[in-house]
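Next up: some structures, all given as C-alpha cells.
Both of the next two complexes hold chain A, though its partner changes from chain B to chain C.
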Partner chain A sequence: MAEDLVLDTAIRDWVLIPLSVVMVLIGILRHFVSKLMRSSQVPDAKIVKEGQLIVRARNLRSGANFIPPRSFRARRFYFSNEENGLLHVPKGQAPNPQAQMFSDPNMAMDMMKKNLSMIIPQTLTFAWVNFFFSGFVAAKIPFPLTQRFRSMLQNGIDLSTVDVSYVSSRSWYFLNLFGLRGLFSLILGEDNATDDTQRMMQMSGFGFDPTKSLGAEKDSLDIVQHDWALPKFEQRAEAVLRKVLS
Partner chain B sequence: MVSKTEETQLSNLETQVDNGGGGAWEYLSLVRKLKVRRSDRVLKHGLSILNDPKKRSSLGPDEWTLYEQVAVAAMDCQSLDVAKDCIKVLQKKFPESKRVGRLEGMLLEAKGAWTEAEKAYSSLLEDNPLDQVIHKRRVAMAKAQGNVSVAIEWLNKYLEIFMADHDSWRELAEIYVSLQMYKQAAFCYEELILSQPMVPLYHLAYADVLYTLGGLENLQNAKKYYASTIDLTGGKNTRALFGICLCSSAIGQIAKGRNKDDKESPELQSLAATALEREYKQKASDKLSLLTAALKGLKVSS
Partner chain C sequence: MDSIPTFNAEHLQSNMKTVYYSRTFLSIIGGVIAGIMGFTSLTGFIFYFLIMAITSVGLLAKAGFTVHSYFDSWNRVLLDGFLGGLMSFVLFWTFACDLVHIF
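On to the complex of A and B.
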C-alpha cells in the first residue's frame, strides 16, 4: 500500500485505551474472586509423608559419605528393600489420579471453581469485544512486519491488502490477554491467580504421580557407591592442627 | 539458623529499644522472624505497644500478630494473667480459630492443667491431624511432666510422618542420651549428620556417643568424628581435642596385645595434645599443670 491509513483519534480514546483498562480491571477482579472462592486444602497425610520421605532419602544420598558404612547399609536397606522398604512401591498399588479425582468430589469442585473464574470473564470480554469492536483497525505498530504476522495482528479483518503493521481490535484484545501478565505480577504480587502459565503447570502437574518419584529415588539410592569420607578427615585434621601450631 | 549480620542487627536494636530509643515494633518483628527467645523483652515492649491505643491501632492487621506473640512470651514468663487477656482479645476477634485454640491449649499447659491441655490438643488434632506445632507441644508436655518414655513415643510417631524435621531428630537424640540409650542416640545423630553434614556440633555429639559406647570399632570411629570436628572448626574446639587424646589412649589400651600395623595417624594425638597445651597456656595458664598431669595419665603427652 502506498499511502497510509489515517486512524481517527477517537479510536484511540474509545477503543484502544478502554480495552486495555477493562482487561486490567477484569484481571484484578478475577484475582480477588478466585481468592474468595479458594478453599483451604487439607493435605493428605500420605502425601506429606511421601514428600518428607523423599527429602530424607535425598539427604541420605547426598550425605552418605559422612556416616559409617554399616549405618549407611542399614538405612539403604530400610528405604529400598523389596519387601517393606519405604521407597518400594508394590506394582499395581499406585493410585490412579484420575480415579482419585472422581472419588473425591472436593477435588473436582476445586478444579471447576478455578476454571469458572478463568473461563467466564474471558468469554464475556471476548463476546463484548466481538460485539462492539469487530472489524476495527485499532492501532498501528511503528515497524513493518512480514505476512506471517497477519493472522496474529489482524484477527477479524479479512482484507489481504492492509499492511501487516496495523492491529485489529480483536487482536489487540488477545495481545492484552497474554501480555498483561507482567503488569499483574507487579500490582497483585507474584502469586496471583491470573497467572496462566502457573495454571498450566498445575494442570499438567495434576497427573503427577508420587509413586514415580519414589521409584526414581529408590533407583538412584540403589546405585550410590558408599565411600566413607571420614578416614580422610584424620589427615585433614592433622594438617589443620599443624597449621594452627606453626 | 541466625546469621551473623542478623545477630548484630538484633543486638543493636535490642540496646536501642532498651534505652528507650524507639523501634520497639521493628525489634519485635525481627524477634519473630528469627524465632529467637527473648520472652522478657517481648513481654515488656510488646505490652507497652498494646497498652497504648494509638500505637496499637497504627499497626493495622499486625496488631493481632502482636497479641499472639505477647501471649506466648507471657506464658514463657509465667505472667498468666497477661496471656489470658491477650487470648481473650484474640478469641473475641477470631472465634473458632484453630490458631487461637492452640494458644488456649498452651495456656492450660502453662497452668499445669495437663489433662485439660491434652484434651484441647487432641481435639485440635482431630480437625487437622498434620499440625506440626501441636504434635511438638504434646511431646514437650510429656517431657515437662517427666514422662520421658511417653515423650519418646510421641516423637517417634511424629517422626514417622515428618521424617525430614531435623530439629525433632535432635530433640530425640538428646532425650536418648539423657536416658543413656546410646545406640538409639547414635542413630539420631547419624540422621542429623546426614541432613546437615557440615555442622561440627553434630559430628562432636556423635563422636561423644560413640566414645561412650566403647569397643574398638566405635572408639576408632569416634576418633574419626573428633578429627572431622577439628577440621570443620579449624582446630578451635577444645572438646574435640580432648576427645582425640582420650580415644587414642583408649584405643592404645585395647589394641595393646594385638598387631599394631593398622594404627592410623600416630601424630594426630600428639598434635592434639600440643594444641591443648598451647590453648591452656594462652587462656588459663594456672590450670596448665592440671592439664599436663591429665595428659601424662593418658600417656599421649609428647
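On to the complex of A and C.
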C-alpha cells in the first residue's frame, strides 16, 4: 500500500457532492416526468375479460380446499371443459392476439417512451461527467481491487503507479448510479421510474400471450388435488370457543 | 388441531416491502458509520454482514419470533434482500470515508 494521496478539498466540494446531488435530483425529476407523461390507455375489452378470467381461475385454485369436493369439481369442469369451457381456446385462434399486440401502435409508443425516458438522462449525465470531470483523481474506494480493474476505474488518470483504489469521477458516477437505487426506493415509494431492472422484467413478461396464459391456467387447474381441509373444523371451532369462554 | 396455512397475498407483499425498506435504510446508515469509523476492505464487508444480521434479529424480534404468522417461510425474513443493500452500502461507505479521511 503506497502512501496516502492528499486530495484537494475543492474536489470534494465541487465534484463529489454536486454529482451525487445532481443524480438524485435527476432521478426525482425523471420519476415525476414519467408520471405526467403516462398516457392513459383505453383497455381492450377482450384483454380485460381474459385477465379477469385468469384471476377467477387462480382464486379457485387457491381456495380449492375450502369448498366441498363436488362443488370444486363442478367449478373446475366449468373452466376446463373441452367443448365450451372458458379456458379452452381452439387452436385456430391462438396466434392472433400476439400479432395484434405487436403491431399495436399504442403499446409500441408506450414502450418507446419508457425506454427513452430512462436512457436519455443517463446518457446526458454521463456525457456531462466525462466532459467536465475527467483527468483527475476523484475519490478513494475503501477496499482494494486487482490491477485488472485499473483500466475500468481510472479512466482519465494516466499514471500507472497510482493505487487502484483511487478512482476517477466516471467510476464515482457508476457507483452513484447503482447505489442510489436503494435511496430512491425509500424517498419515492414503490413503483418509481428509476428501477431499471424491474422495468425490464415487466416489459418482457407483459402478458403478450393471453392465450398461452389461459392454457397454463387450465393445466394448473387440472393438476390440483382436492384436499378437503374443513372436516375437522367443528372440532377446531369447539376448541377455540372453549378457550375463549374459559 | 392444525392451522391450515392461508396467506393473504397483499399482506404478505406489504410485509416484504417493510423488510426491504428496513434493510435498505439500515444499509445506508451502516455505510455512513463504516465510512466515518474508517473501516477498510474486509472489515467493511464484515460490518455490512453484521448490520444485515442485526436487521434480521430486529425483524424477528418485531415479529415476535413466530415467523409463520407474518411470512410464509423463514428464508423470507432472514435471507431475502441480503445483497440488495450492498450497492447502497458501498456508495455511502465510500462517500463517508472520503469525506472524513481523505479530504
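In this section, the second predicted complex is superposed on the first by the 175 of 246 C-alpha atoms of A that agree within 3 Å, B and C clash if a C-alpha of one lies under 4 Å from a C-alpha of the other, contacts with A are read in each partner's own complex, and residues count from 1 in each chain.
Basically, a contact is a pair of C-beta atoms (placed from the backbone, for glycine too) under 8 Å apart; a residue touches a chain by one contact, two chains touch by 3 or more.
In this text, all values refer to a predicted model and were calculated from it rather than measured experimentally.
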In the superposed arrangement, does A:Val129 touch chain B (first), chain C (second), both or neither? neither
Touching A:Gln235, do we find chain B (first), chain C (second), both, or neither? both
Thinking of the overlay built on chain A, is A:Val48 touched by chain B (first), by chain C (second), by both, or by neither? first
In the superposed arrangement, which partner chain does A:Ile11 touch: chain B (first), chain C (second), both, or neither? second
Quick one: is A:Gly182 in contact with chain B, with chain C, with both, or with neither? Answer first, second, both or neither. second
Have a look at where A:Pro144 lands relative to chain B and chain C in the superposition and call it first, second, both or neither. second
Please indicate which partner A:Val244 is in contact with in the superposed arrangement: first for chain B, second for chain C, both, or neither. first
Check: chain A residues flagged as touching chain B and also chain C 235-236
The answer for chain A against chain C in the complex is residues 4-9, 11-12, 16, 20, 65, 139-144, 175-176, 178-183, 185-186, 190, 229, 232, 235-236, 239
Footprint of chain A on chain C - complex, ascending: 1, 4, 17, 20-21, 24-25, 27-28, 34-35, 39-42, 44-45, 84-85, 87-95, 97-99, 102-103
How about chain B: which of its residues touch chain A in the complex? 128-130, 160-165, 187, 190, 193-195, 197, 221, 223-228, 230-231, 234-235, 244, 264-265, 267-268, 271-272, 274-275, 278
What part of chain A is in contact with chain B in the complex they form? 42-43, 45, 48-49, 52-53, 55-56, 59-60, 62-64, 66-68, 71, 75, 230-231, 233-238, 240-245
